[in-house]
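Residue numbering begins at 1 within each chain, and the chains themselves are lettered A, B and C in the order written.
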Amino acid sequence: MQSLIRRTLMSRMLLVWSLVLAATFIYTRPAMAEYGDVVINNYSDAAGMRPAVFSHWFHRVRFACKVCHADLGFKFKAGGNEINMLKIIDGKYCGACHNGNIAWSVSNCNLCHSGKPGTPTQVHESTMQELVAPAKSTVTK
Amino acid sequence: MNYLSKLMQFALLTALLNMPAAIAATAAKETTAKAAPAASAAPASQAQTAAATPQPISFNRLMRVAPRRHLPPMEDGIRDPANAETQTLQAPLEVFSALPQTPSGLGNGVNWPGALYDGKIKPRWDRNDPTAEPMVMDMSVVRVPKSTMPDVVFPHKQHTEWLDCSNCHPDIFVPQQGANQISMAAIILGQKCGVCHGKVAFPVSECRRCHSQPKQVDAKGGAKP
Amino acid sequence: MTGRAAALYFTLLSLAVAPLHAEPQVPAAPPVAAGAAKQSSREVIQQKLQLVKMLLSQATAIERAAGSDDPAINQQSAAALALYAKANSAFNEGDMAEAEKLLDEVLRLITDISRLAPDPAKVEAEQRARYAEVLENVRGIQITYQEMRKDISPGDKQLSVIDANLERTSVLLNQAQAHAKGNRYKEAIFLLDNAYTAGVSDLNILMGSAVKSYELKFNSPVEEFAHEVTRYHSYEELIPIAYAELKPGEGNIKLSESYVQESRNGRDTALKQAAGGDHQTAIGTLQEATKRLQTALRTLGLTVPE
């Protein structure tokens, strides 16, 4: 009787263990950037630069939302501010801080322009992006 | 003894069900030397679909939504690892690990107001003046939805510690009773509360964070009109 | 249960929860060779060269600096151009380090020039825009106070605070507008900023720890119908947004359009009923029409709860 129980237990454990192994290798998840990272690709592709990636969390730790969105005039819209290098060098938008004084200067191109070429303008991992959308749609914000 | 074996079976099954979460958590903590996601150009759109597999927003409270993984910039799927400077960018976990977390881990998974109150972060209110203080308004607005969902409490306090009045008023919210029609559909489409929540602030999959006040019930037991 | 089985169970249990090395999520890219690192650096320097060239030719600051009366600024712009030429030749000769150093210096000079020699026309335009913005903010505060005033009974001490504030704000507003007329935008903005700050901080004190409850209480079916109409419109507004953001397929669009049409018919019926005085029925009809709109949104791919 005991050996029967033991055999049943063994076979059940084997089944469970094989399921465990299967789960390990079959279950994969795609890479996910940080929530709130904004890819800005209005003009970058055309200029041969990688799109700029702005990370909200990094700035949120240092500045209240109001500083950029009320004082510096950033609209709540990815790509909606029409930022270009001329404006930045003029001290507008990003250039208000990224001038070598408050933050790194404009000569560090690829600290900002770090996105994969061709990535469309988006707020990464936003609710809009994560909606169940038809496969052929490219959700841009 | 049979009871013990049943207990162990149950424990094993629970562990099995938690496997995906365990894998996710592990992969997030690892900085694998191998992880160098596919390079640039044409596969960008393909990489994007792979990187942002849509996950349906579920309003079914029984369904757990997977927590975020906070990958470092080299592996995050939108930054180009072939770019030399990408590796000098700070990884989110370096900072997040020191900050209070939210129970659900959605969005950044960071309890930003908590981090502010604890003094763990000191975000500037003024670009140049590190000593400027925000003008905080401690006024809550309770909205009673038509459905059976609990009432929504909107706290000005936590919002005015970060935002200026003009950020929301009057462009997004008219500061007048009855003037704003807010529906979940609108929020999900990025209107009203959805201008920030679901993009930068915590996503709306956590119903209770907003729908936090149970409906008022009067003495007779019926709902208050 | 024997000791061995128990041991095996615990082994499996611990393995199940132990950290597992996950498969890499995406195919690994070929490793970057040491030589390749220099190549990407060259690419970056070339991009910087292009950037500087663009800035030197398009930035109006440089033009103005070149024709400026101030010798220091003149000198800086001349230096910028000279350094760019040097950087260009260094790049062509293959001296990357030198080229980069020079280019960084040029960028620093351009940033300085932009700050020292701002375009007066552009500055004025910006100030005018900023003035308009702050003016709107202050007017918003005024309106808020005026609305608040309506709900307060006379004799309440809050009333005196509100009135004092309205008084001060309008004085500052007038002064600011006078400045603006004289093109003294900087002073105008300064006054308005003060008015705004004072207005907001007083508002915060007045609101205190108040809780405003927006309950759905209707005094009559007419009121409720008006509310339903607004609610219908708010969903209707979302349809074009949903088209634009979700980009649904042909079939979904057609289906949703039929739902929208149904809802429009319902709305028209409801409006007729309301016009005829039967608001109670109209409310029901309109609610059904709104439900149709919600179905249309769901067809487009949007999750619409409740």
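What we mean here is this: a contact is a pair of C-beta atoms (placed from the backbone, for glycine too) under 8 Å apart; a residue touches a chain by one contact, two chains touch by 3 or more.
Here the structure is a predicted model, which means the values were calculated and not measured.
Q: Does the chain-touch network form a line, ring, star, complete graph or other?
A: Shape of the chain contacts: complete, all pairs touching.
Q: Identify the chain pair with more contacting C-beta pairs: A-C or B-C.
A: Higher C-beta contact count between the two pairs: B-C.
Q: Report, in whole Å, the distance between the mean C-alpha point of chain A and the mean C-alpha point of chain B.
A: 14
Q: Where the CA atoms of chain A average out and where those of chain C average out, how many Å apart are those spots?
A: Those two chain centres are 17 Å apart.
Q: Using CA atom averages as chain centres, what separation in Å is found between chain B and chain C?
A: The separation of the two C-alpha centroids amounts to 18 Å.
Q: Could you list which residues of chain C touch at least two other chains?
A: Chain C, residues with two or more chain partners: 1, 5, 9, 12, 16, 20, 22, 25-26, 44, 245, 302-303.
Q: Going by the touch rule set out above, which residues of chain B reach two or more other chains?
A: 5, 9, 12, 16, 19, 23, 27, 37, 39, 47, 50, 56-57, 77, 83-84, 166, 188-190
Q: Which residues of chain A are in contact with two or more other chains?
A: Counting only residues that touch two or more other chains, chain A contributes 9, 16, 20, 24, 29-31, 110, 128, 131-133, 138, 141.
Q: What residues on chain C touch chain A, complex-wise?
A: Within the complex, chain C touches chain A at residues 1-2, 5, 8-9, 12, 15-16, 20, 22-23, 25-26, 44, 47-48, 50-51, 54-55, 58-59, 61, 103-104, 107-108, 110-111, 114-115, 245-249, 252, 301-303.
Q: Which residues of chain C touch chain B in the complex?
A: Answer in residue numbers: 1, 5-6, 9-10, 12-13, 16-17, 19-22, 24-29, 31-32, 37, 40-41, 44, 133, 136-137, 140-141, 144, 147, 197, 200-201, 203-204, 207-217, 227, 230-231, 233-235, 238, 241-242, 245, 294, 297, 302-306.
Q: Quick check on the complex: what are the chain B residues that touch chain C?
A: Touch list, chain B to chain C: 1-2, 4-5, 8-9, 11-12, 15-16, 18-19, 22-23, 26-27, 30, 32, 34-39, 47, 50, 56-59, 77, 81-84, 135-147, 149, 156, 160, 165-166, 169-170, 175-178, 181, 183-186, 188-191, 224-225.
Q: In the complex formed with chain B, which residues of chain A make contact?
A: Going by the criterion above, the answer is residues 9, 12, 16, 19-20, 23-24, 27, 29-37, 39, 50, 53, 55-58, 60-67, 69-72, 76, 96-97, 102, 108, 110-111, 113-120, 123-133, 135, 138, 141.
Q: For the complex, give me every residue of chain A touching chain C.
A: 2, 6, 9-10, 13, 16-17, 20, 24-25, 28-31, 47-49, 85-86, 89-91, 95, 99-100, 105-107, 109-110, 128, 131-134, 136-139, 141
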